[in-house]
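The following pair of complexes shares a single chain, subunit A, combined with subunit B in the former and subunit C in the latter.
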Partner chain A sequence: MDSATLYVLAAAVLFGIGVHGLIVSAHLMRKLFAINIMGSSIFILLVATATPISGQADPIPQALVLTGIVIAVSATAFGLALMVRMSQETGKATLAVEDEPENDD
Partner chain B sequence: MTTEALALIVFLPLLAAAGAVVLPTAWLGLSIRVGLMPLPLLLLIPTLEVLENGAYRIALAGHSAPLGIAWQLDPLSLLMLWLNVGMTLLISLHANCSFRPGQPHAHRFWPLWLLLFAGMNALLLSADLFNIYVTLELVTLTAIGLIALEGKPPALRAAMRYLLLALLASLLYLLGVGLIYGQTGVLDLYLLAERLAPGWLSVTAIALMIVGLLIKAAIFPLHAWLPAAHGNAPGPVSAILSAMVVKVSIYLIWRLWFWGVPEWDLDRAALLLGVLGGMAIVYGSLAALVQQRLKLIIAYSTVAQLGYLLLLFPLASTLAFQAASYHLLSHGMAKAAMFLAAANILRSLGTDRLRHLAGIDQRLPLDVFALALGGVSIMGLPPSGGFLAKWLFLEAAWSARAWSWLILIALGGLLAAAYLFRVLAVVCLHPRRRGNHRHLKRTPDTASLAAMLLAVGAIIAGFTSAPILDLVEAGLPPGLPR
Partner chain C sequence: MIGLALDLLIIVSLIGLAIQSINAASLFRGILHFVVLGLAMSLAWARLDAPDLAMAEAAIGAGVTGALMMIAYRRLIEIQPDQESSLRPPPSRLAVPIALAAGALVGVIGLAAIQAEPMPALAGTAVLENLGSTGLGNPITGVLLLFRGFDTLLEITVLLAALLSAQAVTRQVDLDQSLTTQDPDTPLVGALLAIVVPLTVLVSVHLLKAGGQETGGAFQAGAVLAACGVLLVLTGRLGASRQYSPLVNTGLLVGLLSFILIGLAPLLWGQPLLALPGLWAIYWIESAMMISIALTLVLLFAGAGSLKRRDHG
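== the complex of A and B ==
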């Protein structure tokens, strides 16, 4: 098995773990972690596409991953801030379905 | 000259957003003006260029694609840019009442608002798949910040749900971009057509990107986040979210579909998207019919009206393209007008529950009138932009002999009439209407004026279609049947 295949497999496993965590966990912090794990799996995949067949590695995917990490960090920070504010206002950090009083009085 | 003007269209709002954060409150008004007011004038320069010479392309920093990032302005993106600039300015007029500098949330609202504006402009100009990802994130995160702005628990919950789904959507899009880069070595949207051959990997990539964008566009059955988010956001925010933010995701699907992979045989996928659109129309309308809050009715109406924009895929003709673009434009104005009017009603009444609205037309005539005019366009009654868009859709379905789409479009209009007349009936005809509402807070005149201007715009769109439809036709992707 060459290194590119290994990367792709690792990415697939991580992506699966992320999706599972996003769906299964109730706590918002875990959901945000799950999204970050999915993000990392995509970054691994992007790095794998940069793996040189011969000669130099392609710099563009690495630039993309760097940008992607910056975005992931900011989005996570924002998500955490929102979660903290939510738990201050409502006393919990979950999104339960019964919390949606769309139509009641 | 054109290049500089386009750069300013993105950077002026960006600078103004930064200014709104760092400068003292006394300067906030100035930042807002700098970031918004010069934009229509600036947009005139590239408009003349595109009308004369067709699509205009810029290689940023002098690096051309495939290495560099490109911006491309063609007639369709020009139309979208005008729509974004026009709507943002008119809605800002309204926002300037509820978030006047010095008021509690103003110093948080305006930086996000200007950043959203800059992000949308950059998104519409960008021709690079990864750059589009970055601008999409900018648009989504600022939009969610705006929803959560006032910190009320329902809005916070709606914002959180939107954030989780939007991040998932962005990752699906990014995964698609990564797979495409891995195969083709290019990220330029307009180079895909020649480089990306259909195969299981490239089909997966495009499908992932489209699913991501469908989540962001709140297309049934991926719509669950929209009603709470649009229904609980502050008025001007609901207006721009429904009018522009969800639409740019569909605009991007159009781009991918008709410009990115025009050679692929996508008949079955097109049918699937059309069916999703049809289900969105029926489900969204029925859900709007049973809501008890005005803003939720309008939000579910957005879920329904977005469905029409997907009918373009199965119909795929010049007429359908004109119909969909015109629907995008007139629905934007009508929906923004309705959300602003609803915000005024909510503000002066303290609630937007339907049963409290009886007789409100006597106290807030201008807002109810704007709501009704917007409704006329959404229902597709003549003369209005909405009528023209529906008519073009019917014509497109007729000439394609697509009877089921024809019936669906007609049914959608009837359902829209049902949920909107339900509102107007309570407001204007309810027996309890007399003597109600003695203690209303006054809405500022500018706030009602902004709603009214947008509503009148949606009606006028029924008369001034020719130049816009010509513009759309000039920007059509190659190889589309009449």
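== the complex of A and C ==
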């Protein structure tokens, strides 16, 4: 087994953990962790499956992932701002569960 | 063999930290695990032959994201000190099967991509072949600024859009007191800043300059500079402000505007859009982007539209 295969398998496990966390976590910040973990696992997948060009790493996936990391931080920052504001409005940082159908945004 | 063992160690810690960051008993512990996860990610990038990503992940992924999460946590516990009292939702019976299926999907896609007949990486080959004529040594900077400049232009626009959106939803009330708790006049803080701030500026300018030829670039440099700004906010040297500041707004926009103007200019003499006219243009845009990125991240941290200097004896 070579290290590219190892990292692909790791990406698969991390994505599963992220999806699971996104579904079962109550707290919005934990959901943000989960989304970031899913993103990171896809970044690993992109870089690990790239074919080297005459011994050098393919720069395209790496540039793509570099862009992705910055976008992930922007989206996380916006998500955190939304979470803080929601907490200010409702007093809690969790999404409404079934018994409060009137504010399920 | 050692390499494979190292990969295994990194992967095991990635998985362990990911589980811990989501399931840790307290939210604060979850944040800490998430930051360490970012550092483990940067080790993984180093092993995957991607030093630029390792640096970006350490500075942006672990550093800036961690700071943003901690300040958000701080604001949450001011509203509701017990963040863990919130009830967990009823356990979903579908969560585990869905997670397994999603993980399997990613794994199958990845394994298929590895085992498929290796396709020649046409775009990558074109980049490496044409890099020599541009004067750049780092192919990733080449892709970001020259070959796929449009992506980077949109990326910096997204960063600005995220800041504007975050400001739109942030309630601008007495934020500037809430950031500093330590007495900012402690003499040691001044001495620390006198060493750390110039050093950070030096490191970020070095990263920026190095980005042309080796590992580094505007995003890494901007994140390091942002760390310096976060430090200044935390020690009370810079404070959140609601007042319009021409200096701050210029700094926020200089990256995007430089990129757009220098990118549009080639149209005047019949060149394609974003065909940058030489190395000076690349370094100019990267420097401007570094300032804008750093300022955007600091403002996201401060949760404010502007910053003002605060003087301490």
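Note that in this section the second predicted complex is superposed on the first by the 94 of 105 C-alpha atoms of A that agree within 3 Å, B and C clash if a C-alpha of one lies under 4 Å from a C-alpha of the other, contacts with A are read in each partner's own complex, and residues count from 1 in each chain.
Just so we're on the same page, a residue touches a chain if its C-beta (ideal position, glycine included) is under 8 Å from a C-beta of that chain, and two chains touch if they have at least 3 such contacts.
What you see is a predicted model, and the numbers here were worked out from it, not measured in a lab.
> A:Ala57 in the overlay: touching subunit B, subunit C, both, or neither? Say first, second, both or neither.
second
> Should A:Leu82 be classified as contacting the first partner (subunit B), the second (subunit C), both, or neither?
In the superposition, A:Leu82 contacts both subunit B and subunit C.
> Go through the superposed model and pick first if A:His20 touches only subunit B, second if only subunit C, both, or neither.
It touches subunit C, and subunit B stays clear.
> Between subunit B (first) and subunit C (second), which does A:Ile35 come into contact with in this model arrangement: first, second, both, or neither?
Only subunit B; A:Ile35 stays clear of subunit C.
> According to the contact criterion defined above, which of subunit B and subunit C contacts more residues of subunit A?
With both complexes superposed on chain A, more residues of subunit A are touched by C.
> Quick one: is A:Thr49 in contact with subunit B, with subunit C, with both, or with neither? Answer first, second, both or neither.
A:Thr49 sits against subunit B and subunit C alike.
> Based on the A-chain superposition described above, do subunit B and subunit C contact any of the same residues on subunit A, and if so which?
On subunit A, the overlap between the subunit B and subunit C contacts is residues 15, 32, 42, 45, 48-49, 58, 60, 64, 67, 71, 74-75, 78, 82-83, 85.
> If we count contacts the way the header does, which residues on subunit A are in touch with subunit B in the complex?
That would be residues 15, 22, 28, 31-32, 35, 38-39, 42, 45-46, 48-49, 58, 60-61, 64, 67-68, 71, 74-75, 78-79, 82-83, 85-86, 89-90, 95, 99-103, 105 of subunit A.
> Taking the complex as given, what residues does subunit C use to touch subunit A?
Against subunit A, subunit C makes touches at 3-4, 7-8, 11, 14-15, 18-19, 21-23, 27, 30-31, 34, 37, 41, 44-45, 47-50, 52-53, 56-57, 60-61, 64-65, 68-69, 72-73, 75-76, 79-80, 83, 86-92, 94-96, 98-100, 102-107, 109-111, 113-114, 118-121, 123-125, 127-128, 139-140, 142-144, 148, 151-152, 155, 158-159, 161-163, 165-167, 169-171, 217, 219, 293, 297, 300, 303.
> Using the touch definition up top, name the residues of subunit B that touch subunit A in the complex.
Within the complex, subunit B contacts subunit A at residues 67, 130, 134, 137, 141, 144-145, 148, 151-154, 156-157, 159-161, 163-164, 167-168, 171, 174-175, 177-179, 181-182, 185, 187, 227-228, 231, 291-293, 296, 353.
> Applying the document's contact rule, which stretches of subunit A touch subunit C when the two form their complex?
Result: residues 1-21, 23-27, 29-30, 32-34, 36-37, 40-45, 47-54, 56-60, 62-67, 69-78, 80-85, 87-88, 91-94, 97-98 of subunit A touch subunit C.
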